[in-house]
């Protein structure tokens, strides 16, 4: 990131009850460069309002993916185009 | 068995290469009461001719069943109506 | 629970539909189909002839199936085994095990195949491209595989 | 090797025929079908709605399938998962694993299901007879079952 671009835009997606609690399935979020990891992004999102705060309240019940691959809270989002949040999967 | 019936008749069946070697798929055999086990029956059958002797030459390659249930050489054939001989099974 | 020995082919969709119809407690259907292979060591295989012991086959398969049904609490199950002359690509055997959950369905399907392989009175004779016939030898590995279920053999 | 996500039902006979056609090295076809259950704790289930993450689902299923194909030397495989609203008795998922011998076919089929259950981004919402909706909780036992294959999770 250059000094002229202290933020970048990331697509954020929500599934299952995270989608229901936030009321959003997909959005474009301006993310400051200081936001380095999935966990940092969660803090940024929670600060946006009570529905986001509630959706992420139980960190152990929320999983994340970066660009269609499972990611841990500590994973870097420096190169991320799309970050998704969802509960543990229940397919099959 | 009463003393008036020192022999009984048993159906003997042969499958796969035992059928081919003996040239028989099914026969009725008069079995003296002294023939008590599957192994005894094998000895009786082997004595009937070279094709039977050859069919049973490799005892470890021959399996037996009494009345449609797997049986060991030591199994009693006192109550048997039908005894079958065949190689180890290869279905599935 | 049923077993069948037949010359005709089977249709797995039809068999599953018949087994599961009206039974909404079934959440898992594990199926195995064994087929006549060619290629590899069987490169020259022209056909395979399946012989069996009528009467004992059904009795033995029923015993194996009853054991599986009880051990794995199956909702439904089916074993179909073909006999007669088959060619590479043909189906030989079909096993279906239905249970509420997948663990028991998978285990029962494997159990049924392992015991069928070592207990059910079927014999295969292969005919090679040059017309020569050869009885297939039993594989010791099949016996070892079946032993893992630790049932007392008669 | 292929994966599909679809609303429509699948036909297992058709899928097996398409996978095995012309491949005479296949001696074993292991199949699993997961279905919507009713009865027991789900006695009041009216329907189940399957949501997924388009794009990631296909990517994740393809990763799981490629791992299975390599690990178990599969001749062919298929994963089909339905989405949308399903009712008790409906099919949810189909997994087919084809290999020369049954050991690898069975193991691959179980492996595919275990990883699909813990990795593929699908979520189930149950609607009960009284119209109430409830997201299904993930089962810890599924995670434990998947762990037995000892793959490093990301």
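The letters A, B, C and D name the chains in turn, as written, and every chain counts its residues from 1.
The rule is short, and it goes like this: a contact is a pair of C-beta atoms (placed from the backbone, for glycine too) under 8 Å apart; a residue touches a chain by one contact, two chains touch by 3 or more.
Here the structure is a predicted model, which means the values were calculated and not measured.
Across the assembly, the mean Cα position most removed from that of chain A is the one of B. Chain A and chain B have Cα centroids separated by 75 Å. Per-chain Cα centroids separate chain B from chain C by 27 Å. Look at where the CA atoms of chain C average out and do the same for chain D: the two points lie 23 Å apart. Put simply, the C-alpha centre of chain A and that of chain C have 50 angstrom between them. For chain A, residues touching at least two other chains, in rising order: 92.
Residue positions 34, 102, 113 of chain D each touch two or more of the other chains.
Touching chain pairs in this entry, ordered by label, are A-D, B-C, C-D. Within the complex, the chain A residues that touch chain D are 13, 15-17, 65, 68-72, 84, 86-92.
Considering their complex, residues 11-14, 16, 20, 24-40, 88-89, 100, 102-103, 105-106, 109-110, 113, 145 of chain D touch chain C.
Those residues of chain D that touch chain A in the complex are listed here as 34, 50-53, 55-56, 59-60, 81, 92-93, 113, 116-125, 135-139, 142, 153-154.
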